[in-house]
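Both complexes shown next keep subunit A, but they swap its partner, so subunit B is in the first and subunit C is in the second.
This part shows the complex of A and B:
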C-alpha cells in the first residue's frame, strides 16, 4: 500500500500552513517528518488522515485518490492516526477505549483476538483494563492511544508526537514498539519534535520548515547533515 | 557509518536508564519509599548492557581504528579506556551502597545517593567525551573500507534495543524495567510517601 502526496497545500483562514508538500511512502516504510513547532508536521498528518481538507494538491493511496474522502472512509482504507496529546476517552475504561478503536470492524471473534494482541504488546493495559483511562499515567495513556489505533488493523500508522512529555525510558520503549510494529509490516509515518528519536527509528526523513519541505533524505544521512545537527539535534 | 549511529543510539539508551536511576534517588530524598526491585533491574541492565554490548564494541573495534588513523589521539583513547575501568569501579560502589541501604536501612541512604550521583555524572561525562572528541574525528578520518569493517563487527554485536536483530534477553529485561519503574518515569505504580 503506497501513499503518495503531491503538491499538497493547506490554508487556515487564508494563511498558508502547507505549501507544495510532496512525499512518497512505500509499503512497509518507516518515514519521519521533523521540524520545529509550527512547521506543518501535524497539519500534514491531519490532512492525510482526512481531519483537514487540502486547498490544493492530491493524496493517493495506491491508485486511489483519497484527499476528498472523510476521515472515517480513510480509516476504513487502512490509515490510522494516533493524534498529538493522546486524545483518549478519559471517562471510559481502558478496555472500552480499545474496543472503540475497532468500531469499523464487525467480526467479534477477530476483534477479541486483536485485543489480545494489543494486551500482549502492552501488558500494563491489560492490568488496568477495567480502570478509567483518566487514572492512567502519561506513558500508559500514550500506550492506550497507540493500542486503540492498532485495533483498526491499520496498514499505515500515523503518529503525532508520541514522545511528548514522556520520560526517557518510556520514549525509548515507544521507539522499540514502533520499530516492532513496522517490522510486522505496518507502514509508519512519525511526526516528532524529538528529531533524535525520529531519525534513529526511521528509514527516510523529511524536514519541514514554515510549511515547506526543506530537505529530504535517508534518515541516517539527515542525522549527519550539518544544518539538521545544529537546528534539530543540538549538536 | 552505521557504527556511529549505533554508538550514539546506545549512549541514548544508557542515558535514559541513568536518568531514571538519578531521579529515583531524588524521589527517595523527597520521602518516597523505594521498591528495591527497580534498582536491581536498572543496575542489572546497565551492568550487562555496558559490559556485553557497548564497551567491547568501542574498545575492540572503534578505538583501535581511530588510533591507527589518528595517533595524536592516543592520550584521549587511553584516557577513555582507563575510564571504562574506572566506571566499573564506580559501578561496584553503587552496588555495594545499594546492598547496604537495602539491608541496613535509611542510615546508609546518603552513601547510596552519593555513589549514584558520582557514577551517573561520570558516565554522562565519559559519553560526552567520546561524542565530542572521538566520534567527530572518526567520522572525518576513517576510510570507507575501515568503516565497512567496523560496521560488520558492530552489526554482529547488535544494540539490544534498536539493532535489526534485537537480543530477546535485553528486550525482555528492558520491558520489565519500564513496567516497574514508577510513574511518571516509567509505567509502574508511583512510589508512596
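This part shows the complex of A and C:
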C-alpha cells in the first residue's frame, strides 16, 4: 500500500497550516516528519487520518483518493493513527480500550489472537488489563494507545509524538517497539519533536517548517545535515 | 398514674414516627427509580453528543400521555401501552438527533436552543391531544397494596414501577459495561475524536445514545402515568430533578447519576413528608449549588484534563 500526499493544503480559520505538502510513503517504509512546534506535523497526520479536511491537494492510498473520507472509514482502509497525548479512554479498562481498537473487526477468534500479541508485546498491559486506563503511568498509557491501534490490524501506522513527556528509558523502549512493528511489515509514519530518536528509527525523513517541507532525505543523511543538526538535534 | 400513660403515649408516638420514617424510605426508593430513568438519559445524551437536552422532561411527558391516551382513553392493555410509549418517545428522540442535534453538532448552544424549541412543540402537541383542562389521571392498572410488617404499605402499582425501573437500569448497565457497542458509547462520550480513530462512527453512536436515553424517558413517563397528574407541563419538574441529580452525581457519570438519584429521591421524599414539596425542591436546588461550589465534579465525576 503506497500512501501519497500531493500538494496538501489545510487552513485553520483562514490561516494556512499546511502549504502544498507532498509526501510519498511506500509499502513497509519507516518515515518521519520532524520540525518545531506549529510546523504542521500533527496537522499532516490528522489530515491523512481524516480528522481534518484539506482545503486543497489530495491524499491517495494506492490509486484511491481518501481525503474526502471520514476518520472511521480511513481506519477501515488500514490507516491507524496513534494521536498526540495518547487519548486513551480513561474511564474504560485496559482490556476494553484494546477491544475498542478492534471495533471494526467481528472475528472474535482473530481479535483474541491479536490481543495476545499486544499483551506479549506489552506485558504490563496484561498485568493491568482490568484496571481503569486512567490509573496507568504515562509510558503505559502510550503503550496502550499504540496497542489499541495495532488491534485494528493497520497496514500504515501514524504516530504523533509518542515520546512526549516520557522518561528516556521508556522512550527507548517505545522506539524499539516501533522498529519491531515496522519490521513485521507495517508502514510507520512517525511525527516527533525528538528528532534524534526519529532519525535513528526512520529510513526516510521530512523536515517541516511553517507548513512547508523544507528538506527531505534519507534519515541518516538528514541526521548529518548541518542545518538539521543545529535546528533540531541540538548539536 | 401519670408516668405509665406518659410512657405509653411516647411509645406509641415513637412507633408511629418509626413507621413514617420507614414508609418514607420505601416511598423514596420507589421515587428514585423515576429519577434515575430520567437522569440517565440526560447524562447519556449530554455525554455522547455534548448537548443539554432541555426537552428531556417533555419526552417523559409524552410517555405519560401515550399511556393516558391509549390505556385510559382507549383501553389498550397497560403493558402494551408501555411498549408503545417507549417506541413513540424513542422515535421522537431519533428524529431530534437526525434533524436537530446532528446539524448542530459543532454548536452545543444551538443544540440546546433547538431542544428548547422541541420542548414547546411537544407541550403544544400534548395540549392539542389532551386539551388544556385539568390534569389527567390514569387509574392504576394494578390494584391493591402489599402490606409488610403490618404497617409498611406498598401499592402494587408502585412495586411494579420500581421493579421495572431497576430491571431497565440493570439492562442499561449491562449494555454499557459488557457489550462492544456499550464500550463504544462510553468511548465516544469520553473522547469523540479518539473514538473516530478506532473506526467508531459517532453519528451512529449518537443515534444509539439518544434512542436509549429517550427509551428510558418514555419508560419513566409510562410508569409514572398511573401515579401522577398528567399535564403538558409535568416535564418541568422532571427536568429540574434530572439536572439536580446529574450535577450532584457528576456530569457525564452514569453511575453517579444513579447513585445521586437514589440519594436525592430519599432526600426529596423525606423533606416532602416532613415539610412540603416546595421546600424539598428548593433545598434540592440548594444542594446542587453547594455541590457545584464544594465539589464541582460531583460525587462520581472526574476532572476533565486538557
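Rule of thumb we're sticking to: the second predicted complex is superposed on the first by the 235 of 235 C-alpha atoms of A that agree within 3 Å, B and C clash if a C-alpha of one lies under 4 Å from a C-alpha of the other, contacts with A are read in each partner's own complex, and residues count from 1 in each chain.
The rule is simple: contacts are C-beta pairs under 8 Å (C-beta built on N, C-alpha and C of every residue); 3 or more make two chains touch, one makes a residue touch a chain.
Treat the numbers as computed from the prediction; the structure is a model and nothing was measured.
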| item | value |
| --- | --- |
| Fit-or-clash call for subunit B and subunit C when the two complexes are aligned on subunit A | fit |
| Which superposed partner A:92 touches (first subunit B, second subunit C, both, neither) | second |
| Which superposed partner A:173 touches (first subunit B, second subunit C, both, neither) | first |
| Superposed arrangement, angle subtended at the Cα centre of subunit A by subunit B and subunit C, nearest 10 degrees | 120 |
| Which superposed partner A:230 touches (first subunit B, second subunit C, both, neither) | neither |
| Touching partner for A:53 - first (subunit B), second (subunit C), both, neither | neither |
| Least Cα gap, in Å, left between subunit B and subunit C after the two complexes are fitted on chain A | 19 |
| In the complex with subunit B, residue positions of subunit A that touch it | 123-124, 137-140, 143, 167-173, 175-176, 179, 196, 200-201, 220, 223-224 |
| Residue numbers on subunit C that touch subunit A, as the complex places them | 180, 183-184, 186-187, 190-191, 193-202, 302, 306 |
| Residues of subunit A that touch subunit C when the two form their complex | 49-51, 70-72, 75-76, 80-81, 83, 85, 87-92, 96, 99-101, 103-104, 134, 148-149, 152 |
| Interfacial residue positions of subunit B with respect to subunit A in the complex | 1-2, 5, 8-9, 12-13, 15-17, 19-20, 139, 161-162, 166, 171, 174-175, 177-179, 181, 183-187, 190 |
